[in-house]
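The data blocks that follow each hold one structure.
Below are two complexes that have chain A in common, paired first with chain B and then with chain C.
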Partner chain A sequence: MTSATTKAIGSSHRRGDAKLFVGGRGTYIDDVAMPGVLHVAFLRSPHAHASIVAIRTADADALPGVVRVVTAADLAPLCKGWQTSQTYPGYVLRTQYPLATDRVVFVGQAVVAVVAESRALAEDAVELVEIDWELLPPACDLEGAMAPDAARAHPDLAGNLAYQAEVGDPENRALFDEAACVVEAAFRFNRQTVMPMETRGVVASYLPGDGSLSVYQSHTAPHQLRSLYATHLGLDEGRIRVICPHVGGSFGAKIHLYSDEVATVAISRLIGRPVKYIADRMEALLADIHAREQIVTAKLALDEEGRFVAWRAETRLAMGAFSTHPGSSVQEADEAVRLAMAPYRVRHVGGRLEVVFQNKNIVGQYRGVGHPIAAAIGEHLIEKAAAAMGFDPVALRLANYVADDAYPVKTRTGIDLDALSHQACLRRLGEIIDIPALRAENERLRGEGIHRGFGIACFIERTATNAPSNAHIRKATAQDGITLSVDPSGAVRCAISVTDQGQGTHTVVAQVIADELGVPFDRVRIVSGDSQATPYGSGVRASRGTAVGGELALHASRELRAVILEAAAQLLQTVAERLSMTDGMIAPADSEQGNGISLADLAEIVHFKPQLLPRGAQVSLSLSRHLGHDWPALVPTNGVQASLVEVDVRTGAVRLLRHWAVDDFGTIVNPLLVAEQVRGGIAQGIGQALFEELVYDAGGQVQNASLADYLVPLASDLPDMVIDHVETPWPHSVLGAKGAGEAGTTGAVGAVLNAVNDAIRPLGASITELPMTPERMLAALNRL
Partner chain B sequence: MSGIHTIKFRLNGRAVAKHVEPRTSAADMIRHESGLTGTHVGCEHGVCGACSIVLDGAVVRGCLVFAVQLDGAEVETIEGASDSGRIAALQAAFVDRNALQCGFCTPGMLLTAAELLSREPNPSREKIREALSGNICRCTGYEAIVDAVAAAAKVKR
Partner chain C sequence: MKPRPFAYRRATSVEEACSLLAGPVDARVIAGGQSLVPMMNLRLVSPALLVDIGGLAELQRVTLAGDALHVGALVRHRQLETDLLVARHVPLLASAVRHVAHQAVRNRGTLGGSLCHADPAAEFPACILVLEATLHIASSGSERTVAAGDFFRGMFATALEPGEMLTGVSIPLTAARDPAALHEMSRRHGDLALAGIVGRRGQGLQRWAAFGIEDRAVRLAHLETMFADKPQAGEAEMLAALALDLPSTAGAGTAGRAKLVIAAELARRCRDDIDRAGVAA
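The block that comes next holds the complex of A and B.
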């Protein structure tokens, strides 16, 4: 009998797919081959806002190798357009179509599609399409968006305001007027994008013979796509199969549905042939979701003892020309206002959000969705208050936290929180870093003209969206499903609705199954990303892979284990309660050798020699289970990050020296994978803080749509990062895991913002516009 | 952009002949004509490094080299480097350290790291970061990659 082995849960199992990837043997969307596939290229709008007067396609159509030139008129009978699935009361929406109809509303919007024998030929033909435009005034100014004479992003809008909401307590000026100290700031978070290394892509094949549609797409949610394509193209959902092959990064970019993707699928329906579209990098920078662009004002009132009395934040989000689909653009602003100061006891918390139309690309749901901004504005003002009142910023936080033992609580903005550990995380950070010594060293170096800063940001991240939660998105956030089967060899097959884009969902799910079923980790194989092979579910979004997929696997494994032990008990002439299974060996729990049976032997009997089992109900070594949350909201997580930076006051350059994170993800199934999720997330948060900005000019032209000009963090830009944990298991699930995918990004922005301000505060300077580029730093230092 | 050229070169140790348009990039030809899809196309303007190949012993961007320029050359892709075992220590270290997530940048990272270790068997972390700064990874934050390269260097020594 196998000796008791280490539990898989809690072990740093290596990923099986990593062994493929290091040999270049992944299958990404552009690697999907299909006989007779044709290639699609798009003519994209060069204007931010213009009417389409005429489209001339004859020259393009005549080019040898071109199969079809497609305009909106060709697709109109196939697709009636769509609006976001995530609606809010009063949310003004405009309908999107696969291709622009009579007007373009942002630079990069798809207008004409050319289908040709090769991508190069399709691009040649795009060059031959002529369009007569009538330019319209573009609405690109965020500050002036609501002015009465402001240009409107769509001519039929009464104004550019798409949505507004008051959140939490109404404004109470007296609380600020009478407070011992009020700190306030105006922030600007500039527009950025997601930039997964693999661009988006689709291979679609509609077969007119039987009306079936197969779609391969670089995406995280195949069932969502299947439902949306059925809805938008009027097809029978039962005849659609969506497969997501290896995905070269998503971070939110590939949870949405884009007009060029619908156009590609619609074109296959139109011409009855397989077609492929792969976005190039310029298209990705122009038309993948953009993120974050908000202007925020916030203020915090404190009493003499430093207790937080009142908080108010107002934000305006530059949504772009449409709301993202199926998840909405509003969430970025809504989460930013609702989550700010959520870690703290504050008597009065309120805010306002405005979401405005602009003639720019669409802002969607990028890693963290609003939470990085919530953390940055709250934590910045806390450190500013500490400096103003002479408090230690760590002590100020500890004095105002919601105590770890006080949960569950509901915030004044209506968010349900439970099982958080701000106190424990900050104390743990204090054990890892000797903060007073570090501050003293910074002080000493300041005397030598070296400007170092240390900053902290704590945060809450809401994770693991699921069906009945209050963040429900139609056709996107569904109950999840799993099918577990034991093959005759004893191998365990798992088909599950959560997916893997490299974060390690498959590995984590296999670890849970290995432990809960009692089989070796290597005997478990996971299938996901195929709507035909897996039960329905939401795929991956909002850090849900482990919290939802792991929990689902746990329950299914326990049920299948009971079936296995019951069957084994009949063969071994005992009762199931006396048996257990470890490492694929079933034996009496209290027993001597030889009385057991291996899972492989049992499975062989069940599949091939069922006559050896008693007559009656057949043993079924396969079962399916489904799970929707039965807790009220998303699963909250918390953490704290710290950053040490050095500012070169002559050049404005910020050098990152060290970064720390202490997170509470509840039960950690795979420490290695979690740590690397955090590091990768921090890198993206640092990108937002220091590097990443898509620059639009006043006319709505993107100034830097190349990777030479849109700066993402490089290996030489980033510091080493110390990652640690506090584990407060989620009390509303058995596994106890919380989402870990976005916390790194959420905490890093505020930590770096605070570190930079700590460095320049003694110079009388401050900065609240991100990214903190050298130019902005020099302006803040009054050295431009 | 017209006219088809015939080129002959060695690809992963085997002689090959291809008929290519002058405008076809080396990366596109390797992917779509030779079926070696481990050479990933990330930006097509020479910044991201995902399409790195080894051309006559030097790591170059497959998107910035035209296929016709490969005529007479010795070309190695991630598949060749993998099959020959020449980067096995790095590959093992990458898997062990989880120095990759989505895997899209990984072939370019490995070829670049191997080139670094061939000229500098004992690089500092700063040196490793510098050497890899022409290869963008969006998943890892690079630290695991730096660790893996350092670990592979140790194994090789």
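The block that comes next holds the complex of A and C.
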């Protein structure tokens, strides 16, 4: 039982819905049933780059059970196509359509849709569609993407460069030439994808009778979808309702809008019947956003004392054939260059990014967006410099950090940082690991031929995107809102614009409301994910659920509490200032029990017997609150991770022995959920470091589009993880919470990279290509 | 990822299964379904008729028959892992199971399915090669046997003719009692092998096989001769022998070279295990 002494905030409430999910009683997108629903399957391009000469659909049309075979020409009158909403000066964009028009530009691009009575029938019919292709040279080589004779991903463009930018200080060669020590490295981060457990899916129903459209979609931002569908399909936004049912993970995959999703909705509009599209696992691998693929060169200059003098990083991102929508593909490269070395005082920080078109699937915003790369390149070079100059890597970091008491600061790349705690986090790490002893043990084992390595990576995350005055993602970062109501039973209803994709937003928001309003946790129910039932807002992305949703809940609860106490004061013939509410009981703060009234009794009176209240304005036990530009655009967080690995130098295998994380998420509303987020995030970072890679051949064919070959780490592949915290509340909000969803992924990549390199450095080896497969390890160890 | 349409029959006897397989439509046996069903869902194979042999009790037994242990085609991986006769007489098979998938797959996957599927990276084909087992094959009205060494013909290809099915495997007890070892490397626990080696040392003989490297499980003749001549051979000699035994891998650039390097290390581990077991015995 929740009592006055146990606050909900700070306690590890379990997710109320977790039992439902584990028991198979969740309502995921494929569980959404509608009478007469038809099923969609797509013919997807088998070619990386080809012209569509002719499409013959007669055989498919004739298959019993097939309702309609749809091509780009059918949808052209309904949908004009779109470009990304997040633009940058000079960003070259190509228009995307629901189905490929005259040319396909990546393997897996949707070309023809078949609508049939079952998905199996639709797939049968897809096999009967015939397309004449004229193959075009595919642009798939990242290193050679800008060569004058390189194949062009879009032949109507002069080249493959979609965007370039200089970031921070201009290059200053002299600083590197004159430095006491310069370390540099060329990194390759290979392409991966996101892989939420539940694939994407849409159920759309357009009613020709009244021109209304209902869309159920596995997505994290229903209001954004609604606005986008209105725009792209030319419909009245007021007649569109978007519902996101239970979402089985997103990690960024479900913050975007995909052509197959628009096609499905457009098809319902075209045929006036409900249709369902559920991406299968192969489609997920081919057509969910991809991520990370970048080649980076970076260098760090230090003076004799080990002070960081200058840093420069240049990256080239393989964007794919289009920019993601509505948030753009550029972010992955931009954040990588901007955030590298952000924890440190460095006199001169600069970089350059190039974003290139390729005949591959689109790169979008996957958990961490650029930050894992920023941390990996900076932290790798710091440990390399420590080894080269004979410094202790912990001491070298401590000597160069921006001091915890020096914030706020602006980085040389233009990023505002505040309330960070690198020193405290690294010190805390030193308390939970005896680092000198661990290193000594590694040294001893090396004598026995056992190659262990210990690596550290600290990082900054930019979380909790909001609708700031400089927001440049139209229709993605909006004002957020909450509506709180007290029902006659005293139950509290909350409708909120942030959503739950499985991470527990509902639980956290309910905890804040329970405390701030003064009601039992169990009496609070949250509704989200329904554009018709919740205030407009941005849903979840970028670890914003708690920081934004919790803050909204706090303010709305405090206001509603004031309303409640005011009404109760009238009944109890006292003044509101003398009352407080705890566990749903309103009583004078300074008198014995019995003199109060329960929230349920008060609500009963307000709803059914308002005549018992003094005359005047009707008491409203329902109110809405919004949060917009009165809040910074992004909330920075920081943390440090460490990894202990053992490298089998004879086979190239890397064994993970242990992993540690110390994060500063500000106020922690729910330690259990935060620890789960960190663990899951670390698992995905480890995936990037050691396992996950989507392999494209030179012709743009995906070589491993199944989960047998695309290796997502399983629980049995992961080490024990120790999770700890430093709490520096965010000073610009009342709740003080920061984003916690991505830090695990962001720090893990660099920590494992550094641990592996620590293990093999004494052998004169180094590795900077991820994932670190056995083959790459053996090559690094000079054994091939 | 839905299969093409197919018909389904559950056989009540080996004879009935064989006659269904011999029918006019393209028919396939389904045993545990752990490899076949994913392939059907990916539309890589599309039999018109599935003949389910899951109910044939006579194929589910492990029995001692003279100087051989007979393992029925329908013996599940989990059964191999826990069967007392297997543990006692063919410990190599029992230990190999620990590298095969996870419990859920082991509960359904069968030895016969694994052998007939002939995945180049599967463990059991290589095991029965070094154990010099005999495969029992039935077809409508007749039976024949094939030596393990003649059974695997390429990637997912075996000596089974249309209309035939595997009923079981006989493993000679003398071979099965020799010290033997299996080592493999896979990226994740339970995955098919990136490279694997099985070895057995008998009275004056060496039997070695590799899996996960070429297009099928293969015997390693040069490695066998080398170990016979030089039991304590070093890495360079093992690499040289393996390059001769695995020519297409040796010629396959750095990826092939990596497999050979790993295979040599796995062979060393097998050899050391066998040495230890030999001493203990």
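In the analysis below, the second predicted complex is superposed on the first by the 773 of 784 C-alpha atoms of A that agree within 3 Å, B and C clash if a C-alpha of one lies under 4 Å from a C-alpha of the other, contacts with A are read in each partner's own complex, and residues count from 1 in each chain.
Definition applied: contacts are C-beta pairs under 8 Å (C-beta built on N, C-alpha and C of every residue); 3 or more make two chains touch, one makes a residue touch a chain.
As the structure is a computational prediction, the values presented were derived from the model and not from experiment.
Participant: Between chain B (first) and chain C (second), which does A:A779 come into contact with in this model arrangement: first, second, both, or neither?
Facilitator: In the superposition, A:A779 contacts chain C only.
Participant: For A:Y28, is the partner it touches chain B (first), chain C (second), both, or none of the two (neither)?
Facilitator: first
Participant: Quick check on the superposed pair: does A:L718 touch chain B, chain C, both, or neither? Answer first, second, both or neither.
Facilitator: Touch status of A:L718: first partner only.
Participant: So, does A:E769 touch the first partner chain B, the second partner chain C, both, or neither?
Facilitator: So A:E769 meets neither chain B nor chain C here.
Participant: Which partner does A:E727 contact after superposing on A: first (chain B), second (chain C), both, neither?
Facilitator: After superposition on chain A, A:E727 lies in contact with neither partner.
Participant: Between chain B (first) and chain C (second), which does A:S706 come into contact with in this model arrangement: first, second, both, or neither?
Facilitator: It touches chain B and chain C both.
Participant: Chain A residues in contact: does chain B have more, or chain C?
Facilitator: B
Participant: With both complexes superposed on chain A, which partner does A:R14 reach: first (chain B), second (chain C), both or neither?
Facilitator: Once the two structures are laid over each other on A, A:R14 reaches chain B alone.
Participant: Which holds for A:T651: it touches chain B only (first), chain C only (second), both, or neither?
Facilitator: After superposition on chain A, A:T651 lies in contact with chain C alone.
Participant: Once the structures are superposed on A, label A:A120 by its partner contacts, choosing first (chain B), second (chain C), both or neither.
Facilitator: Both partners, chain B and chain C.
Participant: Find the residues of chain A that appear in the contact set with chain B and again in the contact set with chain C.
Facilitator: On chain A, the residues that contact chain B in one structure and chain C in the other are 120, 124, 280-281, 706, 708, 713-714, 716-717.
Participant: If you look only at chain A, which of its residues touch chain B in the complex?
Facilitator: Of all residues in chain A, those touching chain B are 14-15, 17-28, 30-31, 120, 124, 195-199, 246-249, 251, 280-281, 501-504, 672-673, 676, 679-684, 706-708, 712-718, 720-721, 744.
Participant: Okay, in this complex, where on chain B does chain A touch?
Facilitator: Those in contact with chain A are residues 1, 21, 23-24, 31, 36-45, 47-48, 50, 77-79, 82, 90-91, 94-96, 98, 100-107, 110, 125, 128-130, 132-146.
Participant: Contact residues on chain C for chain A in the complex?
Facilitator: 1-5, 38, 42-43, 185, 187-192, 194, 254-255, 257-258, 261-262, 265-266
Participant: Within their complex, state which residues of chain A touch chain C.
Facilitator: Going through chain A, the ones touching chain C are 118-120, 123-124, 127, 280-282, 650-653, 691, 706, 708, 711, 713-714, 716-717, 773-775, 778-779, 783-784.
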